[in-house]
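Chain IDs A, B, C and D follow the sequence of writing; residue 1 opens each chain.
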Amino acid sequence: MNLIVPHLPVLQVAIPLIAAPICVLFTFGGHRKLAWLFTLSISWICLLIAGALLSRVVLETDISYAIGSWPPPFGIEYRVDPINAFVLLIISGVSAIALPFARLSVEKEIESDRHVLFYTCYLLCLTGLLGVTITGDAFNIFVFLEISSLSTYVLIATGVRQDRRALTAAYNYLILGTIGATFFVIGIGLLYMVTGTLNIADLAERLKPLSDNRVVHAGFAFIIIGTCLKLALFPMHAWLPNAYTYAPSLVTVFLAATSTKVSVYVLLRFLFTVFGPTYDFVNLTFEFVLLPLAIVAMFAGSVTAIFQTNVKRLFAYSSVAQLGYMMLGVSLCNIPGLMATILHIFNHALMKGALFMALGCVVYRLGAISLGSMKGLGRRMPWTMGALTLAGLSLIGVPGTVGFISKWHLILGTLESGYWPIAILIVGSSLLAVIYIWNIVEVAYLEKETSREQTLKEVPMTMLAPLWVLVILNFYFGIDTDLTTRVARNVAATFLGGG
Amino acid sequence: MIEALISHYNYWLIIILMMLGLYVVVSRGNLVKKIVGLNIFQTSVFLLYISLSKVSGGTAPILTGKPESFSNPLPHVLILTAIVVGISTTALGLALVVRIRESYGTIEEDDILIAERSQDVSERNGGSA
Amino acid sequence: MSNQSALILAILIPLLGGIGISLLRRAPNLREACTLVSSLVLAFVVYSLLPKILSGATVSFTFKEILPDLALEFNVEPLGMVFACIASGLWIINSLYSIGYMRGNQEGNQTRFYIYFTIAISSSMGIAFAGNMFTLFIFYEILTLSTYPLVAHKQNSDAKSGARIYLGLLIGTSIGFQLVAIIWTYLITGTLDFTPAGILKGKIDPTLLPILLALYMFGIGKAALMPFHRWLPSAMVAPTPVSALLHAVAVVKAGVFTVLKVVIYIFGIEFLSETGASTWLIWVASFTVLAASIVAITKDNLKARLAYSTISQLSYIVLGAALANGLGILGGGLHIVTHAVGKITLFMCAGAIYVATHKTEISEMTGLGRKMPFTFAAFAIGSLSIIGLPPFAGTWSKWYLALAAANAEIWTVIGVYMLSSLLNVWYLLSIVAKGFFAPADELSDRVQPKIQEAPILCVLPPCLTALGCLALFFFAEHIVELLRPIAS
Amino acid sequence: MRHHLILRVVSKMLIPFILLFGLYVQFHGDFGPGGGFQAGVIFAAAFILYALVFGDDQARKVIPDKALILLVPMGLLIYALTGFAGILLGGKFLDYDVLSSDPTQGQHLGILVIELGVGITVAAVMISIFRAYAGRTKAIDKEDW
């Protein structure tokens, strides 16, 4: 045990990292089918590690791991505290649930000779996301961010078999993502220029006397814009809808549930751990940049979603709106608001994971997911559409689901700050969600089916089971909120108290 | 004023380069040219890091036993990583351009947009019919 | 059976019934038997709680803390007991009626119909027994969602647009106003528990009180206070058993029940009457009473007329709550019962007429009473009860409501009650008169020569509830006894 | 470019030296400027030059595609396994001190192995990238260029 337990932080990243090259080797000797099984088991190992890490940081104390035994401010440090342990759990959990679903979906959507490389990229993406989350070194964040982004571009482009627009979507994401990452690295460079350190904890210490330094301000601005581009905050969301729409189903599930969340985490890390709300310029950012953009995002995303006929794109725009909720919680800068953001990182992963997975099931049978092709699908694929409806209810924020929990805290946060008109805006935008969800429900259940759908059958059990696991989790964590709220409260208190 | 301009000439150059790169990315419709712009943009950041690591009068950071002031080696290492990232991005971007050329027959953004829009429209009509 | 387990069972039994129904979907007879059995068991469980509540005991059960200090909590108190008794009791009769109606009309998707019905009943039980506003809100929303498939049952464009209005208004008001009000309350008081004297006293600026009250009252869209009443007529596209039980008993009564709960346990009657924050509500409710009655007169479609009548009658109860005195609460609580029994009779009669003749417009019903005497007799009794004439149940609730108005010395309200009763006479008894006394339409006789009573399962239930109207006149005292602790 | 005699002769003479220089940069990286990244690129440059002058098919005979697919993960594996070796020998991940009894020698050994892994991967990746473009069938007409 001594060989494993103290090394858990690095194993979290190193295991999927080493798994990726091993996965390539499955190209040889007709073991192609094993790639999926291998990826699945790696994901489950990651989930176990993340669970162990979370329980340790919640019950005991933060963990610091020095790579190569170089002590923290000099070497790269992996630092686990409740917030990133929580995000780690989300990433590896979504991956562990999505992969059982992946086998059939990937077989259907991607050429068989590319499967091995697809799963390799997937593992790299997983590595990158886990790495961004766990590392305590600012430049290391950039490196892992690029590992995950580069593999994401490839993963999105593999959707080309379904639709050639996957290529342009990946290309646009590549351009914007690289600009975002470069902005981020400029910011890091500027901070390094004045502080001479890259370690996040150390950076926070050394920045304290420098709050009036203009280089620090510039660095802050670059970092914020870079991460906001990566997390698709309106109006920097242009890459997201097409990327989600044309990516293969598995990729959409995984990305929608994790990648933007990781960027939100990075933003939180910089806003609260490195800078902290005691700095004037951070507070001004909250009030004059993030807050208005978040509100516009909530509405622009939802309204655009209403007019979409491609259901995947519809939910992609809804993601833009949901990111608005998260950013709103951040910009409120009080305990319930931050709790709402952290809860929503988790909750949104659950509901969007379920929604996109249900759409993946539809794609598996229909090959297309325009609203028109879903007529009467409720009768042909009752379990899939049932799951879609229930996850949709969670997205709306019906009580008893996870969506309600985050919305409750968010409204509480706005009222506590005295922004009660914003509370009404939040409520209004969730009513917009009712409209677009109900569009789908009406088409699926109340429209007459066309002759083409008559022969449709429900998808196999291996796809339904993970889908329903996610749906049930949507309700479970809507009722048993012990774990999630405890972590969220803990983190919010540290962020606001420690900043 | 002039003093400030001249003494920080490296930063000015970097900023000009940076803006040039970004401008190319935004203004060019040719997908390959966009990637070239992206490269210029990234390179300016590499220069930023490297120029800030230079200590005036410092030598190369190789231990010789003599007490000398030497330039900070860390940014070089960081930028080595960033260069690798840049190469990967360029390679991937160009690969995508090749594939786009194969399926759209063009690498001009405007033509691609036209092709995609007509695809959108036909999909929408097909879907509702 | 302990009290607590009875409480839990009351919520679970309908759900179990629903699971049974889905398992038995291939065997219609067994499926309907399952519905009936679960309704009977539910009624038994609910009524077994009655003696304990009458003796003044309280039963409560806390399930799980969902949000800080907000648990899923159940608590049986007299008002909830009344609501649960009436909903579960009428479910038995309505189950019988559903079988007759759905088979008589050869409706499709019957399994789905029965399953969602059970979910709706289960959430009604949840509303009745909710121990805090939070729990109530959860079940309130489940009730809205579970009735959506029932309203959209026919799946044609009418059903679709009706269901859209239904869902849009109910979800819109509940999320837009009610949720905001709940969170506001929680923010200033730190609790949402139903406490006998209210929780707001001394915690809120009295000038804001009317705004909070307005958020609650308009937020509880199910109480159909104008201008948020449109969903109720729209919901009439549903099959008649749904209109009868859900839109005359469960859903709308859940609305006014919530209104009463909020007024009694969140605001506190005393606090409300001291501050006079509910004065505006008296006028809004009065307006709704009269306006809805007048609209009802103009409607030729029988179910639409009954729907507007329901809107008007619901505002009686809101009015009782707005008067903010014990008698008003008493009258409101009693009116939940008497109106439920009366209105379900009327709806079931409307359904029976539809099954037998496929007629929906009142103008086509001339002379039908002579061919369907039982149906029309039941209809007449139900109408009289709603109008409030002795010896039928409606008399008492109107009596108490009028007394409450007198007590509050707002004489206009008494005028409103009287005027609306007159309008009731007009729009309800005119149907009865048309059915019994108007000469039969000869043309329709020739086209459809053999009009006779609907199947026995469609006729028996309204007759039973009509008898119930009569019986309640004599037993109303028991309900008053039950409710008196909360009204004092 | 089969008929460019001078090119062929010069590159035949140059390629061994390029490879040798690559090896120098690779193994001298822990003392002077150099390391796996640079060495890998120099090494790959030799193969790319060969492919340019003598044709892609000829180059494929020297390093077949399969070998490349094997080499790319191999370098990464060397890197990662060195990291795990640190753990197995009782240190931290990528801890070179424990690789040998003497920490300084351990550092030396560690960085050499790591850079070797990097060098192999970089060289293989560069050649693969070149091949991915060069090996594509002609889709673009002469006039288009």
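Rule of thumb we're sticking to: a contact is a pair of C-beta atoms (placed from the backbone, for glycine too) under 8 Å apart; a residue touches a chain by one contact, two chains touch by 3 or more.
In this text the structure is predicted, and so the values were computed from the model without any measurement.
In this assembly, C is the chain whose CA centroid lies farthest from the centroid of chain D.
The most centrally placed chain, judged by C-alpha centroids, is A.
The greater number of contacting C-beta pairs, out of the two interfaces B-D and A-C, is seen for A-C.
Centre to centre, using the average C-alpha position, chain C and chain D are separated by 79 Å. The distance from the centre of chain B to the centre of chain D, each centre being the mean of the chain's C-alpha atoms, comes to 24 Å. Once the centre of each chain is set as its mean CA position, chain A and chain C turn out to be 44 Å apart.
One finds 67 Å separating the Cα centroids of chain B and chain C. Among the residues of chain A, none is found touching two or more other chains. Across the assembly, chain C contributes no residue in contact with two or more other chains.
If the chains shown are joined wherever they touch, the resulting network has some other arrangement, not a path, ring, star or complete graph. You'll find the chains touch as A-B, A-C, A-D, B-D. In the complex of the two chains, the chain B residues touching chain A come out as 18, 22, 25, 31, 34-35, 38, 41-42, 45, 48-49, 52, 75, 78, 81-82, 85, 88-89, 92-93, 96-97, 99-100, 103-104, 112, 116, 119, 123-124, 126-129. Across the complex, chain A meets chain D through its residues 3, 7, 10-11, 14, 17-18, 20-22, 24-25, 27-28, 65-69. Residues 393, 396-400, 405, 408-409, 411-412, 415-416, 423-424, 427-428, 430-431, 434, 438, 442, 445-446, 478-482, 485 of chain A are the ones that touch chain C when the two sit in their complex.
Chain A meets chain B in the complex at residues 139, 142-143, 146, 150, 153-154, 157, 160, 164-165, 167-168, 170-171, 174-175, 178-179, 181-182, 185-186, 189, 192-193, 309-310, 368, 370-373. Chain B makes touch with chain D in their complex at residues 60, 62, 80, 83-84, 91, 94-95, 98, 101-102.
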